[in-house]
Structures are given as C-alpha cells and as structure tokens.
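Chains: A, B, C, D and E, in written order; residue numbering restarts at 1 for each.
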Amino acid sequence: MPTAKNNAPKNNIDLFDYDAKNFIEKRVKSIDDCIPYKNTPSVTWINIDRTPPLAFLEKLQLGFDLHPVIVEDITGPNQRPKVEILDDYIYVVFRMLTIDEEHKKVMSEQVSLVLSHKFLITFQQNVVGDTFEPVRALIRKPTTRIRHLDTDYLAYELINSVVENYFKILEYFSEKIEKLEQEIITNPTSRNLNHIHSLKRGLLSFRKSIWPLREVIGILERGESTLIKKSTRIYLRDSYERLIQVIDSVETYRDILSGLLDVYLSSVSNRTNSVMRVLTVITTIFMPLSFLAGFYGMNFTNLPGMHTSYGPAVVTAIMLVIMVIMLSYFRKKEWL
Amino acid sequence: MPTAKNNAPKNNIDLFDYDAKNFIEKRVKSIDDCIPYKNTPSVTWINIDRTPPLAFLEKLQLGFDLHPVIVEDITGPNQRPKVEILDDYIYVVFRMLTIDEEHKKVMSEQVSLVLSHKFLITFQQNVVGDTFEPVRALIRKPTTRIRHLDTDYLAYELINSVVENYFKILEYFSEKIEKLEQEIITNPTSRNLNHIHSLKRGLLSFRKSIWPLREVIGILERGESTLIKKSTRIYLRDSYERLIQVIDSVETYRDILSGLLDVYLSSVSNRTNSVMRVLTVITTIFMPLSFLAGFYGMNFTNLPGMHTSYGPAVVTAIMLVIMVIMLSYFRKKEWL
Amino acid sequence: MPTAKNNAPKNNIDLFDYDAKNFIEKRVKSIDDCIPYKNTPSVTWINIDRTPPLAFLEKLQLGFDLHPVIVEDITGPNQRPKVEILDDYIYVVFRMLTIDEEHKKVMSEQVSLVLSHKFLITFQQNVVGDTFEPVRALIRKPTTRIRHLDTDYLAYELINSVVENYFKILEYFSEKIEKLEQEIITNPTSRNLNHIHSLKRGLLSFRKSIWPLREVIGILERGESTLIKKSTRIYLRDSYERLIQVIDSVETYRDILSGLLDVYLSSVSNRTNSVMRVLTVITTIFMPLSFLAGFYGMNFTNLPGMHTSYGPAVVTAIMLVIMVIMLSYFRKKEWL
Amino acid sequence: MPTAKNNAPKNNIDLFDYDAKNFIEKRVKSIDDCIPYKNTPSVTWINIDRTPPLAFLEKLQLGFDLHPVIVEDITGPNQRPKVEILDDYIYVVFRMLTIDEEHKKVMSEQVSLVLSHKFLITFQQNVVGDTFEPVRALIRKPTTRIRHLDTDYLAYELINSVVENYFKILEYFSEKIEKLEQEIITNPTSRNLNHIHSLKRGLLSFRKSIWPLREVIGILERGESTLIKKSTRIYLRDSYERLIQVIDSVETYRDILSGLLDVYLSSVSNRTNSVMRVLTVITTIFMPLSFLAGFYGMNFTNLPGMHTSYGPAVVTAIMLVIMVIMLSYFRKKEWL
Amino acid sequence: MPTAKNNAPKNNIDLFDYDAKNFIEKRVKSIDDCIPYKNTPSVTWINIDRTPPLAFLEKLQLGFDLHPVIVEDITGPNQRPKVEILDDYIYVVFRMLTIDEEHKKVMSEQVSLVLSHKFLITFQQNVVGDTFEPVRALIRKPTTRIRHLDTDYLAYELINSVVENYFKILEYFSEKIEKLEQEIITNPTSRNLNHIHSLKRGLLSFRKSIWPLREVIGILERGESTLIKKSTRIYLRDSYERLIQVIDSVETYRDILSGLLDVYLSSVSNRTNSVMRVLTVITTIFMPLSFLAGFYGMNFTNLPGMHTSYGPAVVTAIMLVIMVIMLSYFRKKEWL
C-alpha cells in the first residue's frame, strides 16, 4: 500500500463553526484566523490538509496549547494508530485508506485529530480521496443530529466515516480474491502465485493499518476522558463493532488465501503427475515394440521366421497384441 | 454461506401475549396494533419477519422508545453478533443458520432481538427455515415453564433454539467431511482438493457467524443488566456451554481438514512416485536389450557369432538373463 | 473415539454409606431406597450406571431437589466437561476414557457427579471399564483416609481416578507413535500416512475430552463453593497439576506427529529422487551407445571402418570408454 | 547478529554534569573522580564504555550504593532486556543495535543504565556505532528541553535514541527483503533459499533483542517508580508506541518471508514441471517415429512397400503426419 | 531425553548445618540423625539422593510434619515442575538437566525441595551430574553471602544452579543445530532429516521440562509465602529473567529448525530438478540423432543419398548441427 505523497506546496485550512442555529464554513488563510473561534460556545472544526511547515505548527502549538510531543507526532510520517489523552484535549492518529480508482491501488494517508472541549482540529494529506465529505454534508444541514451535539460526536462521525470506508477496501480485496479463486480452480497459471503473494502483502499492510485502531476506539469508548460524553459512547461502541467486523474479515481473507495457495500448489503437482503419465504411457508402449523391431533388425541370418512370407505379419500381430495389453492395463490404472 | 435474500414485498407481524393463565396469538396488520400490549403485566412477544420499510421502523422507534443506533443496526444487513445493554432494554443481534434441504446449502440470516421488561421484539428474514417454531409450541401449551416466567426466559429460549440448531449445521459438515475422508483415503482425485477448500471456507464462515455470540451470551449470563433475572442465568450458562462445544467442534473439523489436505497432497506424491517407478523399470529393462539388438544390427561383417547358427539363441539368452537380473533387482527394491 | 453405547435395558443403583466406624454397601432396587440415607451424618455415595429412564430421573429430581437443567444435562449424551455450582450442591460432568483391550480402541463415556453436603450421586455408562473400582476398594477398608473425610474428598478421589486413568490413554498413544516413528524412519510406506492421520484425529478427540476438565478442577480447587473444604483443595491442586501434565503431553505428541509427517513426506521426495536417478543414469549411459550402434546400422556402404576387420573392436572400445566416463561422472556426482 | 566484541583493553569514562545554566563535559580517569558529582543538584551522566574490570566495578558499587545483583548483571554478557526497580535507583538493560557499514552486518551490544535521583550511569561496548551522540549534542546546547529537565528525561532520551535507531535496522531488512523479492519473482535461484533462511534468522534475532524492551518501557511509563516524573511519561509512551511499530513491522517481514518461501518453492515445482514437459514432448514425438524406422529396419524381405520406389516417401509422409498431430496435440494442451 | 534411572539400591543423606560462624558437613546414616538439627537457629540442609524406600519416607513425614500429598509427589517419578505453598513450608519440584558427556545425551532428573523456616530438604536422583556442587563450595567458605543468609537464599542458590545449568543444555543444542545448518547448506543428505526430527523432539522435551518452572519461580518471587524474604526476591527475579532467556532461545531454536527443514526440503526439490534436467538434455539430444540413424537403417533401397559417397558425411553433419542447436538452446535456458 503506497503512502500518498504530498506533492502540493501549500496546505489549505477549512473552518467550520456551528451550533444548532448558526453555521459558518470558510477557507481561512492563516491559523491566526482560527484562534478567535477557539473558545466560542459553538463547535469549531478546523481541517488542515497536507503536512504544514514548521512555522505553522509552532503557531498552532502556542495558539491551541498543544504538547510538543503531539506536534512532533502530527508531522511524523508513519505513525501507528494511537490515542493520547491529555488534560485538556485528546490526540488521536489513525490511517484513512482510499482506493485510487485510476491506478486501482489502495492509498493510505495519516489522519491526526485533536479533540478539545469546544474545538476539533484534523490533519490529513488529502491526495486521492477524502472520507470526510459525508460528514461535511451532515453539518451543512440544520436538522441533523450532529448540529445539536458536541465536538465528541463530531469526532465520532469523522472516525466512523473512516471505519465505514474500510468496508470498501474489504470489497476491493474480496473481488480480487474471488476472481483469483475462479482462475486457480479452473485454470491455474504461474502468475496466480504472484497474485496470491501480492494480495497477502496487501492484507498484511491493511491489517497493520487498522488493527491498532481497535484499541484506540476501545479507549475512547470506555470513557477514560470526560471529553467523551456518555451519550456518544454507544455510537463509538457501534464503530468498534464495525471495525472488529473488518478485522475478522481480513483474517478470514488471509485464511482463504492460504487455502488458495494449497490449491495452487496441489494443481502444479497434479499437472506434473499427468505429464509424467503421458511420458510413461508412451515410453512403456513403444519401448517393447522398438526392441522387437530392433531384434529383427539384427544381422543374423537365421532369426526365427526371418525367411518366411508370414514373418512380418506375425511380428506385426505380436506388436499389436502388446500395444492392446498395455493400453488396457493403463486404462485399468486410470492413467488414460 | 449465502445470505438469505429478502424477496417478499411485505413483512408479517406475529404477536404473542401470555402469562400463566391467558394466551393470545395473532397476526397483526400494523405495528400500532402492538402498542397497547406494551406495558401489560403479561409477556408480549412481537416477531417481525423480513426487513421492514423505513416508515415502519420510525413508528417502532417512537412506539417502543428505541435508540436510533439500534434501529440502524436492525436494518444493517451484515451485523456481527453483539449485545447492547441500554437502560430500559437489551438489544441482541446474532445469526440464525439453517440448511436449505433443497439445495443442500447452509443459509444464514440475521436475527435482532429487543428485550424489555414486559415485551420482546424479534426481527428475522424467515426465508428458508425458522428455529423459533419449537418455542412457539411451548408457549401454546399452558403448563410449560415458559408460561410461568418472564421475557428474559423467553429470550433465552429463542437464543437457545438458535444455538441448538447449530448442531445440525455441525452434523452437515461432519457428514461431508466423513465422506470426503473416505474418498481421499481410498481413491483420491483432484476434485477432492476443491472440496477441502470449499469446506474450509464454509467452516470459516460458520465460525465467523457463531464465535462472537459466545461473548454475547457471556455478557447476558454475567447479569450485567437487571433485565436478566438470576434464575435465568443458569439456563444461559447452559447455552453458553453448548455454544462452546459447537466452537470446539468447528476447530476440530478445521484441524481434520488440514490433516486431509496433507493426506491428499501426499497421495499425489505417492502416485507420481509410482508412475516414475513404472517408467524407470520399463526403461531400465528395455534400454540394454535394445542396445544389444542395435549392436547386432550394425553393418559390420564380422561381429562376434554373427555367422554362427547358435548366434541368435545366445543373444536371446543373454537378453533373458539381463531381464531376469533387472526384474529381481527391482523386486528386491520393492519397485514391483 | 467411539462413544460407549448403552445397550443394556436396566440400570443398576449401588449405594455406599459410610463414616469412620460404619460401612454399608448394597445394590438397591429403586431410587426411593436411597432417600432415607440422604440426610444422615454419614457419607452417602449413590452410583447409577446406564442412562436411566425419564420416570426414574423425575423421582431423583424431586427426592434430591435437583434443578431441572441439571437433570437435562445428565441425560444429554455429549456434554462438554463443566461444573455448575448451585446453592446446595455442585454438578460436575466429565469424560471417563478407557481402553477396550479387545478391540484396542479408546472408549469414551460421560460421567456426571452431583456433590452435596452429605451425599454424592454419580452417573456413568459403564460399558467397557470403570475407573472407580480402586476408590470402592479404599472405602471398604476401615483405616483409609477416605473413611474419615467428607463427600468433597470422595468427589476428589473419583475425579482423580479418572485423571490418573488418562495416563493409560497417553501410554496407548505413546506406544503407537513410537512404533510409527520406527517404521517411518526405517521403511516408510503409504499406510503410515493414514496412521498419522488417525492418530492425529485420536489426539484431537482426546484433547477435546480433557481440555475443559482443566477449568472444572480449577474452579473446584479455588474453593468457589463452601462444599469443597480447604483441606481438600491441596488434593484437587495435585489432580490439576496431573491433568496439565497430560495436556502438555498431548500437545507434545501432536508436535511429534507433525514432525513425523514432515519426515514421511520428505522420504517420499527422496524416493522419487532416487528413482529418477536410476532412470537418468540408465538413459544417459545407453542413449549414446544405442545411437552409436544405430549409426553403424545405417545402410550406407561407406561408413568409416565399416569394411575393416578391427571395426567392431574399435566401436566396442569407444562404447566402453563412454560407459566408463559416464559411470565415473555419476559416481563423482554421488548418484550411484 | 554477532555480538560486538570487546577488544580494547581500557574503558573510557565520560562525565556530563549540567543544569539549565551550567554544563561540564569531561573524560575522567577514574571512577573516584565522579563521586563528588553524585549528589549535586545538577544532573550527572556518567557513560562508561567497554566492560570494566572487577576492581572498577567494586569501587562503583560502593561509591554509588548499587545492589550486588545489579553489578553482576552489568558484567553478564548476554542479558535479556529488563528493568529492576529498587528503592533508590532503577536499573535498565537493553540492546543497542547498529549497522556495521563496512561489513553490512547488524551489530548488537548491551547497554546498562542506572537511573537515580541526581545521577545516571550508562555502560556500553561502543565498538561500531553509538546512538547516544545526538543526545550529547542536545545537552551541549543551553536552550534545549533536556537542559531544563531531570535525569528521568535524560534516561528517556537515551532509550529513545536506541529505539529510533531500530528503524534503521528495519530499513536494512526492508531493503534486503525487497531485493530478494524482486529476484525470486523474476529469476529464482537456489541461493535465494539461503538468503531467506539467513534473513529469517536475522529477524528472529532482532525480535529477541527488542521484544522484551516493550515491557521494560511499559513498566517505566506506568510510573511504578517515583523516579520517573509524570511529565516524562508522555514521552515514554511515545517511545513505547514507536517500539510497538518496530515489532509490528518485524512480524510483517516474517510473514512476507514465509510468503516468499512459498513463491520460491512453487517456482521450483513449476520449473520441474516445465522440464518434464520438454522431456515428454520430445519423447512422445520421436518414440513412434523411431519405432517406425526400426520397423522398416527389420531384416524381413517382404515388408509392405519395401521394394517400391515410393516406399521411403510414404513412410516419411506418415512420419510427418504423426509429428504434426503430436505437435498440435501438445499445443492444444498448452505444453508448448 | 531419557530419564536417569535409579539403579543403586541405597540412598545417601548429606547434612549441612551452618550459620555465619559455624559449619557442619556430614553424611548421616539415618533420617533420625537429622531430626535434632530441625529447629536449631542455624540453617540445615539435608540432601537425599536416589528415591528413598517407603519406610524412610514415613519417618521423614512424621519427623518433619510433611503433608501426605507432598510425600507422594516426592516419590512420583515424572512430576511436572510445580510449587505448593503450605502453612509451614514450601514444596517445589523441578527438573535438573545434565549432559552425559560419555553418551552425548541430555539426562533429566527430578529434584524436590522442601523449604521451611530453619531447614531445607532436597531429593535428587544423582546419576550423571549434580549442579549443586558449586553451592556446596559456597557454603564451605565462611565469608560468602550464603553463610549470612537464611534457608530461602539457600533455596534460591539451589534453584539458580539448575537454571544456570540450562544454559549448558542450550549450548549443546546450539552446537548441534549450527553443525546441522552447515551440513544442510553445503551438502544435504537424507540423514539430516532424522537429525532435524530428533533435535525437534529434544527441544520439545527440554521446553516441557523448563516451561512450568517459569511459573514456579514467579510464584516464589511474588512473595506469596512469608518464608521468602523480601531481600531474596531480587535474586529470584534475576533467576526468573535468566529462565525466560532460556525459554526464548528454545523457541528461537525451534523456529530455526523449521527453517532448516524448509531449506532441506527445497534442496531435495532442487536436486530432483537437476536430475530431471540431465535426463531431459540427454534424451532431447540423442532421440533425434537416433531417429535419423534409424531412418537410414531402414531397408529401403532408395533412401536419399544412400548410394552416394558423401551420404555419411552429410548425415553426420546434420547430426552435429542438431546437437549444437540443442546444446545452445539448453545453455540459453540455463539448463547446462
């Protein structure tokens, strides 16, 4: 799974500020423009895409009182999904997986989330796809549940959008495995083996990306921080169960791939066996016949029946009998 | 395991309302007809088959005060078995497995169960079979234990009917494996491998359906909700043990299938070996003989014994000696 | 492991009633005859063999105040070993394994045990063997420890007799594996594979029978019921350790069987290799010789040396040289 | 992974003593020169390289009140990573892994760390590389965080430098595996197998070195000793997550290597299969042709068509027909 | 790992009684001679070798107030390592492994240890070696730590001597595996497979002997009995870590052996492949040549070029061309 590369020079900052009645959505130029929204009673969501430069982060750290270790983690490229509960906020990092429709590849990008009482900041790399769009759509509608609830519910919706998207990755693997299975059962070729190997690697990488998230959601759901309200926990529990379902399926797919490898390897053995059978049948039939012809090719002058007119007919008859016996023997052995 | 499809347009609602003395069983037209039974002191069981339309569910949610997440889970098609304990009710989802006798397939459908103090609602897809029928029969009889006990015991009976039915699925697999084992030991063919593979997939799918139920029953049995009375726990513990037994057997079957794969693969190796032996014996016997015949077929005029009358007899005798030596050598090597 | 069948129509009831001074042993006709002994201060052991009829069990349930679920478990044929601690008694079910000396098979039967303050009831199927006999012998002697202690110690002695008997089953497997190992290392045949497979199945079945007993004895030993006195726990701990030892050995045997399979499969590969070597050596030696003979068999009139008297000798010499070179080449390659 | 050998006769003692304002760095001659710094309010770091002689250690033990077992552990050559929390200090031992650029090998050396309230002693073997250099650079700068914090933060920085260096080892393995994968997929040779085997051994050794460190950092992070301040725990938690990430990757690499072995083994099977196909095609085509030639080589005088002028042409035509039929048969079977 | 047999009729009793000032070492005739030392304030160590007769044990039981189950365990031949904490003493049983230098075998014997406040009794079978000798040497010296401490420290020293000796067993396996690895990589033979199998069995047996000791030392170290003083725990923790290190290494060795099996099996495949290649090359070259020779051996009178003087030269030239084409083809395919 290639990591999505960050090839755009500048990062965008999108700000949402909403409560049940009011709603602001705008793209801001600088992090300073976000500070005023920080302590308003409305929910503030700041989404920053592409890894920001150092100066940007320092401003962010001071403006939102972030721990230096958290800022280092946001910029670190290959974080393992984890949650860090601090006094005033929760830091969560996980992996958003999307399918690059063009190249038919799974793309992986790192998402960091800082959840505080009245604001929530997300960092993503945003190259191929973005699973947050449905959440934005929900916020824009005034009657949705999200508009009446707090930052913790927003965090749940964002995490959940990522978890739900994992099912698409599952489907991607499922289709590939299904197709491979068809091929291997009907007509196995040596290319299948490389497919099995690359699917296995893909699943390993998929599992590595999502497995630690299990614990992350578990920690949030158990309410180890008061930032997560009790009413939100049932939603997180639901996400947790969905994630477990994804993990279960990944394990099942790995077992199926192992089974496919056995089927493939065995088909190679079977093919070798059938090649050997052809060789053996041909050799076993023609060796005695050739010997008999060679016998009568010896330059003795008095081989039995050599000078008779029925000689060739008798020898040919003997050859035919040998051939028939051999063929019926192999038929009985089911080699033909 | 194909998921049972829902191809009927309308869903049925069956209502049972009973206590030790009274008993009502009727098919109602609308969910509104059930509301009056909701808070009666008698036990009310509402069974809804086929996934209901959205309007239906909204009415249900309001009428029975269900959490929106629960209603989403009821309609979600492929839930992992789980339990959700809320203040006023318990939500359980699990998988009912039945055998489609006609197509000899294992069918899987999702069953949701909402257990409250005085009512219990079940949702099922009801296509092929239904394991709840024996429970209905029990309710109809006035002297049974179920008539004297509460909704929690009814929930146990429903869950238990599903667990007991898993043993039929086990038997289905057991018979298939037994038959396959016979075939592989007596006369292995390349079709066996595909059978092993498809049985393995079937068991993986079976295990995925039942494994999480273990935890579900465990949570109910430990009495984390006061809706489950202490007297019912011993029954749930029994179901739990039965389920563990099913899971143990599935694991054992998987180990047996792995063993069968080894037996199959080894039989292919053995067969290749025996084909090779035939080839080698034939080649080893006839190559020297053919060479000898070829030697005397050379157009030299003074090969040893060429012009003698006993020449052919001597050469034939030498050939026979070679053949006998070879045959006895192969017999000693146990290749014949 | 076949389950011992119950083909006798009637079940026997054996009653022991003893304390340090007094001792009664008798076969009673009906369960009613046992009731009077129920609450005496002496220890009462009622052993019932073969699964009793329903009427019998109902009488038993009433006479000894048993929970209906327990009575169902006693009659259920294939219970997983478990313990159920109730207020007034403990119910334990486990599997007694015996070797049918005649058919050289491991027989499995289910044993249920109901332990109360002053009585203990056991149910067994009693077809082939019975591991309880040594316990009966101990009870008959007035000076033994068992005569001075309570029902919990009697329960320990009964369970322990079953655990100790597992070592005989271990020995049975150990001998079979040892013999198989000898065969596979010295002269592997295709029958060995089926032996490995059937031993693996046997061990799987053995493990399934004893593994859950571990937890059962653990629960008893931790003293979760006051029916088990503190002084008895050290004995149960001893049984527990013995059982762990059996389970460890079963795991080791399974690892050894996997190793044997590798040895077997590799020996098949080695044999195929050596067959191929014979074929290759013979072919490689005789093909050039036959070609040379064929060359001089061509009906040209002016092949080199054809009309000389030393022609045959030279050709034969060339053939011998080729043969010697080939043989020494193969010797160097260690193919001969 | 060879253990770095200690071939230098004398060990160096480097002393750092610093607080926010002052900073001393010097190489001292004897352990006695360190004692005065022991209880100063500034942080004292003593780094000792190469295993010191016994006399040295005795002086150290007395001077710093170390437990005799700790001193034994420092000198013991192959300690498993562990932590020992005593009343006045914490003893940690772990493995520093570095890459010997010259020989392209992973070198492993043991690092011991004694952390007390105001001093910290480290022992290392210092042969190839040293991961502590970046930490020294931080100490030398007056404005760094490390200058304002205590010994526990210094200990974190030292441990973290070792953990961060593990990523270089990961990269080393990653590159080797990537290269091997390319080779095996494009052109597998028998040398690949030895590479797989040696990489597997390397990963086993790597995992053995780092796996126990997980628990060590976990113990420190949970704050079981008051020597670790609360503010330092978040840093240790970060190191912990990084280490878990390394361990996850090692497990993934092991899975990939297992997959590569399957690909390799299967490619050998495929190659054998293709060799067999060539053999079989050649044999199957030429055996009947040779037989036919042999047939007409028999010394009968009246073989059919023998004396006709078109005889050779007919026989040759028959031979060509046989050859064409065979070739098209093999093409259809995709053996050509 | 054969269990050391007890073939000597009589058992020796060695008594040590010491404190910081006094020291007695003597071989006593009867257990009665030990009783007077039982409650002295000095440490008393009684070492009994070879399994003693029943009468002896009864005297011991009474003299030292041992629980009957403990005495049974001492005499039981194949105890699993375990610890039993009683009110007045601790019973530990574990396995001492030694290498029989003469037969190059690992010998296993059972050691029981009864630790009380002021005395310690050990039982061993003492056939080949004895790891306790270094401990005796320590006791004999008046200045050692052991002379100033209590029975719990003596117990630690005895257990530790056994654990330290396990490293010698590790080394024994390590050398064997190293040697086998060399052989398999350079020149694999079929004997290697049996070596792998027997080393695997040896490691299984080794692990079975030491794995439970982990828990035993863990229980002692956690101080569940007041007989183990707090100051001794740090030593036991050290032993514990050392044992874990041994167990880790055993697991690593098992993984390496599995890897070696793969290398071996693959080398067999490679060899079969190379044998097949030789066969195929020879057959493919000589079959067409032999056919051509056979063609000109046909008894037609008008084969092309038959009566020309350049006929043989042309045919020979054709043959050479075929041979060169074939050889260059195989060279290109890297079969030569």
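Criterion: a contact is a pair of C-beta atoms (placed from the backbone, for glycine too) under 8 Å apart; a residue touches a chain by one contact, two chains touch by 3 or more.
Remember, predicted model here, so these are calculated numbers, not experimental data.
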Chain A to chain D, fewest steps along touching chains: 1
Whole-Å gap separating chain C and chain D, where each centre is the average of the chain's CA atoms: 42
Centre-of-Cα separation between chain C and chain B, whole angstrom: 26
Chain C residues counted as touching two or more neighbouring chains: 265, 269, 272, 276, 279, 283, 287, 290, 294, 297-299, 303
Pairwise touch network: line, ring, star, complete, or other: ring
Successive chains around the closed ring, taking chain C as origin and chain E next: C, E, D, A, B
Contact set on chain C toward chain E in their complex: 145, 185, 234-235, 237-238, 241-242, 244-245, 248-249, 252, 255-256, 259-260, 262-263, 265-267, 269-270, 272-273, 276-277, 279-280, 283-284, 287-288, 290-291, 294-295, 297-304, 335
Of all residues in chain B, those that touch chain A in their complex: 67-69, 72-73, 78-80, 82, 84, 86, 190, 193-194, 197, 200-201, 204-205, 208, 212, 261, 264-265, 268-269, 271-272, 275-276, 278-279, 282-283, 286-287, 289-290, 293-294, 296-299, 303, 306-307, 309, 311-312, 315
